[in-house]
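Read from first to last, the chains carry the letters A, B, C, D and E; within each, the first residue is number 1.
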Amino acid sequence: MAHLAVLSSPSPLATEMDLLWLLPLLPLFGAAICGALYLVTLRQRARLAPSQAAHGHPADGHGGSAGGHGGSADGHGDGGAPEDSHQGPGRYAGFVACGAVAGTLVVALFGFAQLMGLDAHDRLLESGTWKWIQAGDVTIDVAMRLDPLSSILALVISGVGLLIHVYSTGYMKKDPGYAKYFAFLNLFVAAMFVLVLSSNLIGLFVGWEGVGLCSYLLIGFWYKQGWPAEAGQKAFVVNRIGDACFLVGSFILVSLIGTLDLAEIGAAVQGLLSDETARGKLVAAALLLFGGACGKSAQLPLFTWLPDAMAGPTPVSALIHAATMVTAGIYLVVRLNPLFAFSETVLLTIGIVGAATAFVGATSALVQRDIKKVLAYSTVSQLGFMFLALSVGAWYSAVFHLVTHAFFKGLLFLGAGSVIHGMHHEQDMHKMGGLRKHMPTTFKTFVAGSAALAGLPLMSGYFSKDEILAYTFGMGSEFNSVWLVLWGVGVVTAMLTAFYTWRMVALTFFGTERFDVAKVHPHESPKSMTLPLIALAVASVFGGLLGIPGLIAGMHGIKNWLHPILEGGEALFERTFSRMPGVDHGAEAVLLLVGAAIGVVFSLIGFRRFAAGPQPDQRFREGRPGLFGFLANAWRIDRAYHDGIVQPIKLLAFLVYEIVDQFVIDGAVNGCAALARGAAGRVRKMSDGSLKGYALWMGAGAVLLAFLGLILKHG
Amino acid sequence: MLVLAAVLFGLGVLGFLLRRNVIVVLASVELLLNAANLSFLAGARMHSTPDNLNLLGPVFAVFVILVAAAEAAIGLAIVIALYRLKQTVHLDQLAELKG
Amino acid sequence: MAEFLFYTMSIAAVLFGIGVIAAKQPLMSVLSLLGSFVCLGVIYLLAQFQFMAAAQILVYAGAIMVLFLFVVMLLDLANPELLKEVPLKILGPGKVAVAVAVAGGLALTSILSTRGTPAVGSEPSVPVQSGAFDPVDEIAAVIFTRYILAFEAAGLLLVATMVGVMVLAKRQRDPIERGG
Amino acid sequence: MNASTFLGTLAAQLPADPRAPALTAATPMAKSDDLAHMFESAFQDGQWLVAAGPMIALAVGALLLLVADIARPLRAMRPLFFLAGIGVSAALLFGQFSNEPGLVLEGTLLANRTTALWGIVFLLSTLLAWIYSLGYYRGEESKLSGEHDFLMLVTPIGMMLMVGAQDLLIFFLGLELLSIPLYALAAFQRGRSASIEAGIKYFLLGTFATGLLLYGTSLLYVGEGTLSIAELTRMPPTSAISLFGVALIASSVFFKVSVFPFHLWVPDVYQGAPTPVTALMATGTKAAAFGFLISAALLLPAQSATLVAVIALLTILVGNLGALMQEDLKRMLAYSGVAHAGTLLLVVGGLLASDSPDATANATNAALFYMGAYVFGATGAFGILALLENDGARFTRLASLRGLARSRPGAAAALALFMLSLGGIPATGGFFGKWFVFSILIEADMIGIAIAGALLSVVALAYYLRVIIALYMQPAPEGELPPRTVRPLSAGVATLVCVAGTLLMGIMPSVVTRFLP
Amino acid sequence: MLSLITFLPLLGALVLLFVPGDRIGLLRKVALATTLAVAALGLTVWFQFDGTRAAAQMLVEKSWFTIPGSTIDVGYTLGIDGISLLMVALTALLMPIVILSTYDHIGKRVKEFMVWMLVMETGMLGVFLSLDLVLFYVFWEVSLIPLYFIVGVWGGERRLYATIKFFLYTFGGSLVMLVGVLYLVYNLGTSNVPAIVQQVPSLDFDTQTLLFFAFALAFAIKVPVLPFHTWLADAHTEAPTSGSVLLAGVLLKMGTYGLLRFGIEIFPAVSVHYAWLFMALGAIGIVYGAFLAMAQSDLKRLIACSSVSHLGFVVLGLFALNESGLRGSVLQMVNHGISTGLLFLLVGMIYERRHTRQIDQFGGLAASMPVFALCFVVAVLSSVGLPGLNGFVGEYMILLGAFLADPLWGVIGVSGVVFGAVYLLSATRRVLFGPITHPENRHLGDATGRELAMLVPMLVFTVWIGLQPSAFLGPVTASLDALQLRIDGAKDARTAQAERTPAIRGERAALVPAGGPQ
């Protein structure tokens, strides 16, 4: 592995570490093995199938309830009977997948340790290069690079990823697609590593689309219901819109810089700024890349796929749609921070989009009944916070929030999964309640995650979120008051966040049991699921220590760690705004306190209102039906897209085909044929069998020839 | 002579175009051939000098007469065959082949 | 005198020609044709083409016409009504007009195109060595030297004609109608 | 019969080979003083016999055949005489490749490599048509095969005279020698009204054309005082009367090659005539008339190049359109023949437009190759139709071809190949034929005409493809297959020859092109 | 060597003629063996090929015939350079698979079918290997006939309409090209392609333009470029699976190959001048094809329409006329052959099982045919251009090249990436996912061993090219670089001219930047 023939030596500045290739390759092999296991299982099942058919066993087993969730763990009934699911070799897939991810964790830790051992400015590990594309105009060599930023993400991916893998072995235990699931999941991890470790923008794009693919596959994992497949498709297509922007952005960069090496792009930006045209193009490139980030990170206007993506298995939602993949957009901006730092236009765009998304997401989360939908909108909202951070040059704050969010949102999703698992695939919070007695571990860990999300003091989310708001406030007060507005939005969003988080907790775990106790027996999940919950709960509670504000501890772990790679961006930012935004310690203290107060107060409000049950929802719906519907449908943006874009395009396609293609173009082609046929009839009429007619034509021809001959000769 | 030839030629064409009795049509063709002969001879006279005769015209005319005979023979034979088969010599009744 | 005779004969030839195409009875057509031939023969003679005049009368008026008459009589006897010409009306005025235009066009064009060439035929006889424009010996010499191959071909042509006529005119014993 | 006397006449001519010194001054003006001198100047050194040898061989063969037809014991030898005539003639033609007699008989006849090649095309066409005629006729007609074969064997003589003619009289006689047997052959099936109708139409229009030709020739003679094509082309006529004469001659030749608007007889006659005769008419007559047309093309004023090309395009158009929706195969092939005539006429147009000194030679080459490919393709196609007609069904309907690929795979495959060749698809002779024709246009800088011609041949392909569709792609009609009559082996051989020729010309054109001058 | 590879299939066809028609197994084996032998030869050629040389190698040069009346010697000239190497390899690879695929759906008239298949292979290889214009043209048209029969005899319900349309349409274009060929041959006095390439600049620009368009029309119809595409959907829809695979896989590539070899390489100056037109057609074709595909209810027709879109990419890249565009296009020719061929094979598989291609007749097939579903998804993803699979590499290079040449068309082309995902994934979902709505679909057998034998090699290439495109682009590089030099020369000449007469040419030049960023 260490020295593939296709690899060449890394750049001189970096420390060589071909081991990095293991990060994507281990899970890739894991995926391959799981896939092979799945196929073998299938074969075995296919061999059994005829005998089943002979026994009159209906191939599509249990039809499932209206919600589509039947009795088994997956509830989606495969062609074979569920009891088969663990008989094939597929049952080893879980071990393989977990092993692969555990391996990556080891490698990531090893790399991290290596980085720690280096001087701050030498912290770069690079593997040999994969010479991928030589297109003449641009050469795309991809190497795996581990630097402070990617090391954080690598740890999150492998760490959280491992936990979620372990969790999945329990959650997916009875699913007939068990091995397939782990194949996809491992593939996702591999792609995610490619995304964060690539040295090249297009290498990054490989991972970028790779995770998109896995997201597509996993959202549509239970494809036998129509809507997961639709949701998967939607996710892919919406992401593709972003990806198209990404591609165009990369083209602009190629045309300006001639390379797509991430480090070189960053380094080249400064040199280009003196040229006004190039600057304009850079702005365009930055905005387009940001458009790509909007797609992947579910920002306005491309966020609509994420709520639908909840159709996938819950661990998937945790891993992909909360902890890792959706943060790829954040990673991209941080990675290319110089590109996003030099222009106020770009920063403002990012800020407005981020704040707006945060607000829209939070408001939408207020009235959802589906526990996963609440979390999904919450994710959208939190991602908006991160972008808000990016817009004020607080890149490390964004990363900080990214990490904490990965912990607590992963935790919340897993907890929700545990609830759903225990509730036999019931996701409607209105039909839950009082679960704290039935599922104590889940309850406790869920509360820990909720506290972090709501920004209760000293929880991880508290530090990271309030840091963002503080920087935004600083930016607004010092340079451009638009950010003050954004800060206001952020604060309101924080309030709403605390509110809906505790609404969720209250509805799920408190109050009366609103389900049919006779039929549904909620139970605590197995160890394989609760242990990851506990681990993440610990991380959620204490994760804030990574970035305790300077005010309290005088140190900021993440800030210091990331500093070397952010210097370029900071320099440009200072060039634009004269200095980095910041607040003095006094103001920071005030803001921290205000933030803490907001968290506590609105958490209490939310909890109190809903502790007894979901009646406030009903009241809201009856009192303000319009607003309720508006929020429940996420501001009806999805609907608007459907009516305003999807349907017109379908109609246009139909018209293009029927009118332009069939009628005009093909009509012209067939018209030629018809014309020829028509003329053929006329020609044949000439030869009507009448000798006299023939002779007349001949005579006339002779006369004509004679005249024409004379005319030609004599003018 | 040339004018006469032209007029006869015109008459021949007219007859060929208008008449439907095969025999009359054949007769019209003979008119055509005679017109040609006439102008061949006219040409011969034009291009001859008293000491140097241009004999091509008369020679050609001789061959024309010969061919005219052959054509008449074959034509009339076909007419007879036609008559035997269909009891007609009218061209209008020949339109089995068309289109 | 010669001039007068030439024009008289010319006019007669044309009138006979009209007779050929206008006669109701094919017999009259053929007889008109005969008249026309004879007139032409006279014109040949006037134009000092003695040999051609002889050939005209002998071959044309003699042989070919007899052939025509023979066939006409044969068919006429078999079915007198058969040969009657249909009146021109049936043809339709349009077609007739076109036919007249075509024929007239051809004739007029040729007449017009002769302008500039001397009017041959009406002039008095020209003194030539052999007394004729078609001395037989010299014609023969040309035919047997320069046109020897044409002459042989003509012979073969006659044989072919003969064979053809034999094939066509042979009485059919059992007509087989085949598709086509 | 008096055939024997003719034989005698010919035989008497044969030794007339005075090794006289060659004399120049082949003037049409007969000098009345010195007859011996005339003989010497005409017969030169006997080259004229070499030149006329192929024709004489055919004539001898034909007459022998006629004799054999009369003399009962010799009956069985009729095919032998036929083949011998063709064979000897061909051998003599090949001899002319190396020993070109050139202009003979006071410049009235040309015999060189070109005319010899044309001659071979004619012989091929005749031979193939004849082979297909074996077993074609039924009943009483079959008893007349001696006469039939005689008439067939006479036609190539006429054709050779036509292409060799350097004198309008020779041309005229060649034309008649070709036409008159064909008149008789067209009406050969006297028991079949279509055949008679075809004969009568062909004959009447043919004589009309002859009338035009003769009158035109006479006017040209009045205008120029000569009949020699060489002289006429050396100083192209300009007077009105000559031009009118040329126009009438052109009309008549156009009639023979079936150029719009002189083509209307073609479908009727081709359809009505016995199929082998149609094959001969379609290929032989056309080839002969084009051979003459190209050698005499310079009679036409150079300004008429575009006119000729446009007429050619119209001809192609009309031919293709006429064939497009045609249900009768013979008629379709007839129209297709019209289109092919148009294509060949493009060569003439290109020749007229070209100022290259080699224009005539190139045009001849193109036309020769094209015609060669056409002979194989069209004769083969007509031949297969003739074979199919023998199966008793109305096999000349397009629909009746359905299922043929199953019942007679060989015939179907051959027919499909011929269609592709006629359509000018590569790997068949038709392609290179088309290629050479277009190259003439390109050399003459008539690009627009070339493109128009190319596009028109798309229409052509449409109906050739219809045949293939009927053969291969449409289900066979319900019911049992038509009866399989026993095929003469000869027809198979002829078809194979056509197939081989088509493919050879398409794949290795050098086999043919290296014979071209 | 090249003669052998070209005519070996024909030889096989001849052998087939002597095999009795009812011994279907033997017929298939002979055909398969022949194509495998050709594939082996193709591999040999691949390894013998010297990738560092730009000019054609392994030349076979013989005189074919001399054009009568001239000294022009038409040669039987075969040679292979980087571009043709890829095409030959593609053909050689696809043919055995295609033959294998016929085992299912060709049950009647097997002998004829196999003969035509092999004849077609000779035609296609000949097209790619000919270095003589005349020879090329002959092969070009010869390759039409087999497909005419394949569609016409073994096709679907409207096969006659489709096959005639296909034939006449492409034939019409070819004939215009024929005139162009003749003009070139007669005016330059040679039919040797390298010689013509050298001599064409001596013609004046307007002549070159006319000639270029005469050639381009034929190729544009074959590709097919936008307004000439309607034959494709019909032909694809009606053709039997194997015909579709070949049509998409190789025959359409003859068009793009022609555009590259006989359009751009022979007429670089004209190509530069009219690059905007073809880029526009290509880019619009991408979007237009995607819209067509969206409107389809017939799965096969949908894929056919997607071909229009995908070949739009190729055209766009070719006429970007820069390194990445050309390389991308060449690679994309191969990619399209593999992925679309794969899709047609897959559609054929379910057609054999259900005898319908209507998308709404399927649904939920992933449950009954999981392996099939896996292959289908991979094929679709490859078509969609997922990084890591082959489609992406080509598309990326093409779009990059197009963007560098003219951002407008580049961006429109990029939008095709989105639309491509829409219609392909939508079709995938409707076929594979969701509940099984038709009970017939419940017990469909999954891919059989033979089917996998067809699919797996193609899937392997899908991934291989995606991960290591340089292995496939390597041999092409030298040839394309040489071509690029000529193009750049033409561009420079044009720029120089534009500077001289800015009033006339400047406008156009502004729209089409003459060079890359460097």
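What to note about this one:
We adopt the following convention: contacts are C-beta pairs under 8 Å (C-beta built on N, C-alpha and C of every residue); 3 or more make two chains touch, one makes a residue touch a chain.
This is a predicted model, so every value here is computed, not measured.
Shared contact partners of chain B and chain E comprise A, D. Hopping across touching chains, the smallest step count from chain A to chain E is 1. Chain centres computed from CA atoms place A at the largest separation from chain C.
Central chain (C-alpha centroid nearest the global protein C-alpha centroid): E. Of all chain pairs, the one linked by the most C-beta contacts is B-C.
Averaged C-alpha coordinates put the centre of chain A at 101 Å from the centre of chain C. Centre-to-centre spacing of chain B and chain C amounts to 5 Å, using the average Cα coordinate of each chain. Inter-chain spacing, taken between the CA centroids of chain A and chain B, is 96 Å.
Put simply, the C-alpha centre of chain A and that of chain D have 79 angstrom between them.
Of all residues in chain D, those that touch two or more other chains are 28, 30, 32, 169, 173, 176, 180, 183-184, 187, 190-191, 193-194, 199-201, 204, 208, 212, 215, 219, 222, 240, 243-244, 267-268, 271-272, 326, 462. In chain E, no residue reaches two or more other chains under the touch definition.
Shown for chain A are the residues that touch two or more other chains, namely 684, 687, 689, 691-692, 695-696, 699-700, 702, 706, 710. Pairs of chains meeting the touch criterion: A-B, A-C, A-D, A-E, B-C, B-D, C-D, D-E.
Here chain B touches chain D in the complex through residues 2, 5, 9, 12-13, 16, 22, 25-26, 29, 32-33, 35-40, 42-43, 46-47, 52-57, 59-60, 63-64, 67, 70-71, 74-75, 77-79, 81-82, 84-86, 91, 94, 96-99, going by the rule given at the top. Chain contact summary for the complex, chain A toward chain D: residues 673, 676-677, 679-684, 686-687, 689, 691, 693-695, 697-698, 700-702, 705-706, 708-710, 712-714.
Interface of chain D with chain B (complex): residues 28-30, 32, 168-169, 172-173, 176, 180, 183-184, 187, 190-191, 193-194, 196-201, 203-204, 207-208, 210-212, 214-215, 217-219, 221-222, 225-227, 267-269, 271-272, 326, 328, 331.
On chain C, the positions that touch chain D within their shared complex are 109-110, 112-117, 129-130, 135, 138, 141-142, 145-150, 152-157, 159-168, 170, 172-180. Chain B makes touch with chain C in their complex at residues 1-15, 17-21, 23-24, 26-28, 30-31, 34, 37-38, 41-42, 44-46, 48, 50-51, 53, 55-56, 58-59, 61-63, 65-70, 72-74, 76-81, 83-85, 87-90, 92.
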